[in-house]
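By letter and in written order, the chains are A, B, C, D, E and F; residue numbering begins at 1 in each of them.
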Amino acid sequence: MSDLTHFNEDGNAHMVDVSDKAVTSRIATAEGWVKMTPETFDLITEGRAKKGDVIGVARLAGIMGAKKTPDLIPLCHPLPVTKVSVDLTQDPDLPGLRIKATVKTTGQTGVEMEALTAVSVTALTVYDMVKAVDKAMEIGGTRVILKDGGKSGRYEAE
Amino acid sequence: MSDLTHFNEDGNAHMVDVSDKAVTSRIATAEGWVKMTPETFDLITEGRAKKGDVIGVARLAGIMGAKKTPDLIPLCHPLPVTKVSVDLTQDPDLPGLRIKATVKTTGQTGVEMEALTAVSVTALTVYDMVKAVDKAMEIGGTRVILKDGGKSGRYEAE
Amino acid sequence: MSDLTHFNEDGNAHMVDVSDKAVTSRIATAEGWVKMTPETFDLITEGRAKKGDVIGVARLAGIMGAKKTPDLIPLCHPLPVTKVSVDLTQDPDLPGLRIKATVKTTGQTGVEMEALTAVSVTALTVYDMVKAVDKAMEIGGTRVILKDGGKSGRYEAE
Amino acid sequence: MSDLTHFNEDGNAHMVDVSDKAVTSRIATAEGWVKMTPETFDLITEGRAKKGDVIGVARLAGIMGAKKTPDLIPLCHPLPVTKVSVDLTQDPDLPGLRIKATVKTTGQTGVEMEALTAVSVTALTVYDMVKAVDKAMEIGGTRVILKDGGKSGRYEAE
Amino acid sequence: MSDLTHFNEDGNAHMVDVSDKAVTSRIATAEGWVKMTPETFDLITEGRAKKGDVIGVARLAGIMGAKKTPDLIPLCHPLPVTKVSVDLTQDPDLPGLRIKATVKTTGQTGVEMEALTAVSVTALTVYDMVKAVDKAMEIGGTRVILKDGGKSGRYEAE
Amino acid sequence: MSDLTHFNEDGNAHMVDVSDKAVTSRIATAEGWVKMTPETFDLITEGRAKKGDVIGVARLAGIMGAKKTPDLIPLCHPLPVTKVSVDLTQDPDLPGLRIKATVKTTGQTGVEMEALTAVSVTALTVYDMVKAVDKAMEIGGTRVILKDGGKSGRYEAE
């Protein structure tokens, strides 16, 4: 039967004991998007050179956000991440920006929360930088698409 | 014509000057959801009493997350928030949890980023607490539904 | 009847709305102590000049700790503190150090949590600096002795 | 002869060099309590279901507080904690809540400061949540009761 | 006679009481530079488009650094900054980058520490991004060039 | 040819992957200074006993600052530092204070940014504590003088 490992037998929240888990190379990738009007999309994408680098700022925020994960997620273990990359691609059909973040560590637990946090902070930063012209943007599609390196094996989203 | 206020005339990012804006009562509400399998939904919702309070932990994380907003969003002004509430409701049709966060301040700039951050951190925490049983959960529908109290007037999502 | 204001009518935690409270001058003082063996007490107190300034380091940690209060206490409002002082006095009868912290703000809610946090972090830092010679130290007597400036009036401990 | 290791030979504070200490499994447990009036005790304990989960919020704050230890204690080494649990038990004779925190790491130095910090932040959070009805609560009995796993061997409080 | 206001009459550090100071508009500007070899200078400046935007990353780090000032400087008051801008200009004669940061607040104390911190973090970030090719870079010339808005009047560096 | 490793082949910033680098003992030392008027220098240095310990406060700030490095420098890896020491010496010829910081870790990447950050925060704290009497102080000479322990070998400044 399935179990919520973040609670003990009495139903109390705890930070689960990973002391005996192996120190292994771990990787996770998450994705998400920010949807906007076509006008906003044009403004951001052409504006990269002329009016300010929304994508560059958001990418950096996402990378820094990954390092904040154990501060934000109560039961998350602090981990020395060894790599964080955040890619933003322009999707005129959305229209909007697609975000993908990959995080690696050499540690005792996985980094999918770091990857998801990187995506979320990147998306929030896009919203912040563009909200003066478009308050109706929506953030969605945030999910883990790859996780590998721990005892539970490789996970890939369908 | 619309303008990205977070960049100056040279296209360089800056924290926009709000020194001359009025100190007014401001409010913002944001929403989002976490979608999961029906089995996971049942586990969380019945489990609230028996197996651990996912919703209570996530709500608290969201409230604390709102206070972290200026740490996470590079060009966001630090603000003394005067109220944060986060509500999670069970939606068996999603199936999953719907999140709504409301933030207030008495200050010189709005709190929609704080509300969006609260929603995002709440959603990420739900994911974290349940990921041992369901890695395929998706976070979405994150958007501002109400903003009021500043010079730009009242905004309500359609 | 008494009420736990940090929960709403449904029993859910929230950061209580202080938007309509007056901005007034507020002050709070808290106290506490660290009890140790007579040998440890002698080592610290004579050691201030010769072996290292335990008291100076602990005082500074307490002052900085006061600024961390909204990061540590989930439902605490962020406040621009306008004064923090921490005094440590030697009590050979305890034996140990007595700590008193005073915090002021001009804001919409009180600063007793900031004062208590300053005392606690000061005490923890004393423990940290001395633990190599005395693991059995005890921290206690932590309480608010003065709170003034808000609607609920002046409180003084008996 | 005893030595305050947090100071060098000149009496200057430093973060002591642990580079050559073995990476071992380490554990520490600390305890403390919050004393209150019988009326407050009844309110909290019966209120857990009806009026809001003081204990659940305080436990979570304590777990998150453990992760903040190197931010709060100036000369404390940052450590990747591998487990944090915080238990609160009701003691009608105190009357009040007894707190016990256990922290583990696989690292080069001990985690007693993390355990003490978890206890302190838990206690402060109880105070915060209940202070509207009882300002005279006292926090005390904070001490290390178990430390094991390093070169200095096992320590148990008497 | 001159006085170190960050110490009380007993010579103990404290966060000075600003409760009775007026809430006024305050501004401060600080400057500094990073000196490098001519080859490194060429790499950075031509590389802005082709190889990566060192200047953009460093600017953003400086802006975020300004918000961290009360976390870094022990006796600094937390302040709601209302504007932060950081400019980097290329100086082929140095050769290197010149940094200027301006910070504003509406508050009870000045923001020269925020401006200096922004400059310092910007400079450190330039170092970090370029250190793989030039470890001998030097950071210097860090000073306040303008401070205005408080009781002590306008200060301009000669 | 030299390369800015903090950018990928597309010129986008990323936190470089150190997963495959060896875990080795690493050390770095950085230095810097704060220059002031002779009167300020006398005030600080004689004042250490009588008027307040500027040097002690600044040293502690620098040590804590080293731990904040990954929060401040966007692409810096979080690292469990195993030693931090900060020395301040009085130089009547400057006149001012000379600062030297040494940091060690057992990890996958170097600690020169931590050493530089410790020096910078120490210097900024000196400025903060003395600014009431001397706004014209200058911070400079900040550079790495030793780095050892990684694949790139030993670096010593000329």
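Simple rule for what comes next: contacts are C-beta pairs under 8 Å (C-beta built on N, C-alpha and C of every residue); 3 or more make two chains touch, one makes a residue touch a chain.
Per UniProt, the chains are A, B, C, D, E, F = Cyclic pyranopterin monophosphate synthase.
Fair warning: this is a prediction, and the values are worked out from it, not measured in the lab.
Student: Where the contacts of chain D and chain F overlap, which chains show up?
Tutor: Correct list: A, C.
Student: In terms of residue-numbered contact pairs, which of A-B, D-F or C-F coincides with A-D for over half of them?
Tutor: Over half of the A-D contact pairs recur in D-F.
Student: Of all the other chains, whose mean CA position lies farthest from chain A?
Tutor: Checked the centroid distances; the maximum from chain A is C.
Student: Averaging each chain's C-alpha atoms to get its centre, pick out the one most distant from chain D.
Tutor: Farthest by centroid: E.
Student: What whole-Å value do you get for the distance between chain D and chain E if each is reduced to the mean of its CA atoms?
Tutor: Taking the average C-alpha coordinate of chain D and of chain E, the gap between them is 37 Å.
Student: Could you work out how far the Cα centre of chain C sits from that of chain E, in whole Å?
Tutor: Chain C and chain E have C-alpha centres separated by 31 Å.
Student: Got the chain A residues that touch at least 2 other chains?
Tutor: 12-13, 53, 56-57, 60, 64, 71, 74-75, 80
Student: According to the definition of touch, which chains form touching pairs?
Tutor: Every pair of chains in contact is listed here: A-B, A-D, A-E, A-F, B-C, B-D, B-E, C-D, C-E, C-F, D-F, E-F.
Student: Within the complex, which stretch of chain C touches chain B?
Tutor: 8, 12-19, 70-71, 74-75, 77-80, 107-108
Student: In the complex formed with chain D, which residues of chain B make contact?
Tutor: Within the complex, chain B touches chain D at residues 53, 56-57, 60, 64.
Student: How about chain D: which of its residues touch chain A in the complex?
Tutor: Per the stated touch rule, the residues are 25, 56, 59-60, 63-64, 66-67, 80-87, 104-106.
Student: Of all residues in chain C, which touch chain D in the complex?
Tutor: Touching chain D: residues 2-7, 11-13, 32, 39, 43-44, 47, 49-54, 57, 60-61, 64-65, 68, 71-76, 112-113, 116-117, 120-121, 123-125, 127-133, 135-144, 147, 155, 157-158 of chain C.
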